[in-house]
Amino acid sequence: MTLNIYLSGEIHTDWRDQIITGAKDLDVQFNSPVTDHGASDDCGVAILGAEPNKFWHDHKGAKINAIRTRKGIEEADIVVVRFGEKYKQWNAAFDAGYAAALGKSLIVLSQDEHQHALKEVHAAALAVAKEPMQVVEILRYVLKGSLPA
Amino acid sequence: MTLNIYLSGEIHTDWRDQIITGAKDLDVQFNSPVTDHGASDDCGVAILGAEPNKFWHDHKGAKINAIRTRKGIEEADIVVVRFGEKYKQWNAAFDAGYAAALGKSLIVLSQDEHQHALKEVHAAALAVAKEPMQVVEILRYVLKGSLPA
Amino acid sequence: MTLNIYLSGEIHTDWRDQIITGAKDLDVQFNSPVTDHGASDDCGVAILGAEPNKFWHDHKGAKINAIRTRKGIEEADIVVVRFGEKYKQWNAAFDAGYAAALGKSLIVLSQDEHQHALKEVHAAALAVAKEPMQVVEILRYVLKGSLPA
Amino acid sequence: MTLNIYLSGEIHTDWRDQIITGAKDLDVQFNSPVTDHGASDDCGVAILGAEPNKFWHDHKGAKINAIRTRKGIEEADIVVVRFGEKYKQWNAAFDAGYAAALGKSLIVLSQDEHQHALKEVHAAALAVAKEPMQVVEILRYVLKGSLPA
Amino acid sequence: MTLNIYLSGEIHTDWRDQIITGAKDLDVQFNSPVTDHGASDDCGVAILGAEPNKFWHDHKGAKINAIRTRKGIEEADIVVVRFGEKYKQWNAAFDAGYAAALGKSLIVLSQDEHQHALKEVHAAALAVAKEPMQVVEILRYVLKGSLPA
Amino acid sequence: MTLNIYLSGEIHTDWRDQIITGAKDLDVQFNSPVTDHGASDDCGVAILGAEPNKFWHDHKGAKINAIRTRKGIEEADIVVVRFGEKYKQWNAAFDAGYAAALGKSLIVLSQDEHQHALKEVHAAALAVAKEPMQVVEILRYVLKGSLPA
Amino acid sequence: MTLNIYLSGEIHTDWRDQIITGAKDLDVQFNSPVTDHGASDDCGVAILGAEPNKFWHDHKGAKINAIRTRKGIEEADIVVVRFGEKYKQWNAAFDAGYAAALGKSLIVLSQDEHQHALKEVHAAALAVAKEPMQVVEILRYVLKGSLPA
Amino acid sequence: MTLNIYLSGEIHTDWRDQIITGAKDLDVQFNSPVTDHGASDDCGVAILGAEPNKFWHDHKGAKINAIRTRKGIEEADIVVVRFGEKYKQWNAAFDAGYAAALGKSLIVLSQDEHQHALKEVHAAALAVAKEPMQVVEILRYVLKGSLPA
């Protein structure tokens, strides 16, 4: 059994690297959005031409990013969504909803301070973790049946 | 043609009433989440028994609310999601993602200040409006072909 | 919003009547399996001819009952499955799995003594109740937003 | 043609090993739930933190196990479900219902004493066998067209 | 519960009338193909223009008939397919396969002499009956739970 | 049997009226796009605000029109697409492709001069007609089994 | 592009071998039912135990064969169904209907004498051929774009 | 992440080669229709026999081409549709509609002169480009996150 995992959400800490490194002995395949913030914001206009209006500037970029996001979520067995400490992070919650509607196994990475605000997202999840290593432990258990020592 | 519309998101202003009142001459049917904030928070424990841990208190409630939300979104032709000025509103973005994955026509109600934070949600929408009456005008045009004077 | 509800599982107590009576002021529609135990066991051979082998006797009946069960579950918004105190009740758990795979909102009615044995079924449910009246209260809340006094 | 097979149900005898060993010359791929009973019961709290309430202890574990079960059933061509002599085994019947709703080919392994209680599950199956080696013979016939001598 | 039933297959005897008349006290809705043999054969060319080649003559007609057949089967809860004594009746078996793939409840009406030739179709059916009145009895049981006296 | 029909394509002649009038004795329900050319072009900016760039002017309008088109096609049993003599009419062909992918019964109304250019669209259709009254005759035959005199 | 092809229907001539041999230079993968007539008839009782009643004897076998048939059709891009000169061949027409409902590309191999009886099956097909080598030529054209000399 | 891309539309310029060459360092897989115009027009009659009527000549060919087109679009993550300067190109718009209904990521390659005529197709696209190299840049960004210098 190979698990395909999409790592969605917060892009300002190294949580993706922690999970990928921690799971390097497991039969897993990871995908993520583009995590270069500047490239992600500007990809639309950089490739398809400038827009004077910021709305359309963002719109062109968000749609190109959607090509990758859709592919990543639709191919995933598990979608991990991390909510960080800052920003609105509506794209993270949007991905969680998208994944839930497709029947994907959803794991949420979040902190206690956001517990109440995330209750609808948590209700759709099969696990709510606080630390990236807990996600690794879930993957290890799901694939090998072994628990942390 | 009867349009079934789910009104998701912010529950602190009367935007739902404005739309429902404005559309009262149209062949539309509206559904919404429970908008009584207290009831929505406590429905789980009020019906199924108290939980000392706030996480499970919220969890039980969020799952009961999900019965209504799922039904409302799955039956809808159009899902309108409003993002207000306050709070994280992750449930609104989650509903938007859920609706998008099901191929529903999505209309977002949001303000300029959130434009950048909502770019992924906007990219999935068929219309981005600022005022509830614009939603009414969209419904009127879609059903009758008539534009605002 | 009209809720279509399928009442699956135990047929030896009046729990269905309690729910139907309790919900008589709500916009709900109920379906159930045939609850006449004898008719349910013998429908196959009574209509399509006797079978000397008990396996095929049961098989013919179970398939005719499946016509009703499938229709009931597939049309439902909510599937309520009650596990009683006696018997194996594998058909109840089968219905719960069938409903879960179709993405139906699942409510389980069960007692504490079966908690551990039902943990996988509970994990797929949006609510786990002990009393039929709790199911009525969930329906009332989902439809009207009002909680028990 | 490669057959992907999920082996669900009873975890106290070596029936899975018998099937896997018997089919070792065939183009098949097997998946199963975690069959270490203790790990399966405790995975939720071991990874995500203790719960004083047994319901939530079980709930957290059952949801993590669901990640593996869903993946296993959704990828399977054939789901084999074995009902043993003891316990309620509602998770086995739940898996059978889940598999049936997804249109998977279902094979049931059960004993005569449970024939009547399993009639609804049997009615959804393409084969009802008593011995693990019969499952191997079915797989061999389906893949190679050869019958037991 | 209203059952929508599509009556497919043989058009030379009054079996459809027997079922419709027998079920006139039940909450059922029946659909059928056009049973006027001549109209059914010639509808394509009568409406869309003559074809010198018999293949295309038949092709145009079969496609128009498919509009009705698809609609009838896709809306049905139950598809009843009768195999008569004469002709190849490949359209009946085609409808049965179409219905089976869509997960419809299939009832086959056939005679002993065709038992072996129909074994694959029977294997996909929830009931195999010989007489139209047995179909009525199945419908009555499914809707009302009552068996023939 | 009620047929729901979406009338897509050319908006400069009265072909929709001819079909609707001709079918007024039949159990049919018709939907169409907004056929007021000016309103259809300008709906986006009229409701949601002006765009200096013609691309976005058109984009906002086309997306609002998509709300109606999707609903019309997704609810239809039959999609009739008419190709007129002028313009590119790519939206008509787009609707035909959309309908085909959803498994809708497709009827094309076109003229001999476009036969070769439409061969891929014709290949996906269940009928290719030249005159609106032929569509009416198809509907009458499908619903009543009667052919034109 | 690799094409997966299921070869259904008549098992008394070497048409499958002709196609497989003719296509041996192409990027194709073939599957078929078990074509050993005796094994196909008796697989159920040979593996799962004798049945005195011929109906159940056949039923057990047909269901085991269905495991292979379903897998073969569901994985196929193209389903080729050959109707031979003899027998009812209802399983062939059933497979054609099953394939059509799943949206598979259907190729029918049949003779002129059966043209009228097969008109509904032909209407669902993307090609109607008379000779196995025509199927090979279709596969070669679809994969390589080259036509027969 | 491997992207599977279907290149649909105009066959008279070398745009496909430009994209395939430009993307030769990327993890992509391309499919296209048969681009030999003569073979594409005549494949039906060349393989399955001549037709005196041009409509059926074209029909037989278009259906064989549909085998390849369906497979190509259904397997694709991204469908690129190019509209050239000449001809009606209804098959291109048909493919775009087909892809949109299946939820594929759609990229349109078109020129300013067709902007208004393509507005419905553009509204369904995630990117509208003018040059083949822009498509390559989108693919590079989606796969590697890098933007053009």
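Labels A, B, C, D, E, F, G and H are assigned to the chains in the order they are written; within every chain, residues are numbered from 1.
Going forward, contacts are C-beta pairs under 8 Å (C-beta built on N, C-alpha and C of every residue); 3 or more make two chains touch, one makes a residue touch a chain.
Bear in mind the structure is a predicted one, so any value in this text is a computation, not a measurement.
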{"item": "Listed chain pair A-B, A-D or E-F that repeats interface C-D [over half of contact pairs the same by residue number]", "value": "A-B"}
{"item": "More contacts between chains, A-B or B-F", "value": "A-B"}
{"item": "Whole-Å separation of chain centres (CA-atom averages), subunit F against subunit H", "value": "23"}
{"item": "CA centroid of subunit G to CA centroid of subunit H, Å", "value": "31"}
{"item": "CA centroid of subunit B to CA centroid of subunit G, Å", "value": "49"}
{"item": "Centroid distance [mean C-alpha coordinates] between subunit F and subunit C, Å", "value": "44"}
{"item": "Touching two or more other chains - residue numbers and ranges from subunit A", "value": "63, 66, 103, 128"}
{"item": "Residue numbers on subunit B that touch subunit A, as the complex places them", "value": "54-55, 58-59, 61-63, 65-66, 69, 83, 87-102, 114-124, 128"}
{"item": "Residues on subunit D engaged by subunit G in the complex (per definition of touch)", "value": "1, 3, 77-78, 103, 105, 126-129, 134, 137-138, 141-143, 145-148"}
{"item": "Interface residues, subunit G side, partner subunit D - complex", "value": "31, 34-36, 39-40, 42-44, 46-48, 60, 63-64, 66-68, 70-72, 75"}
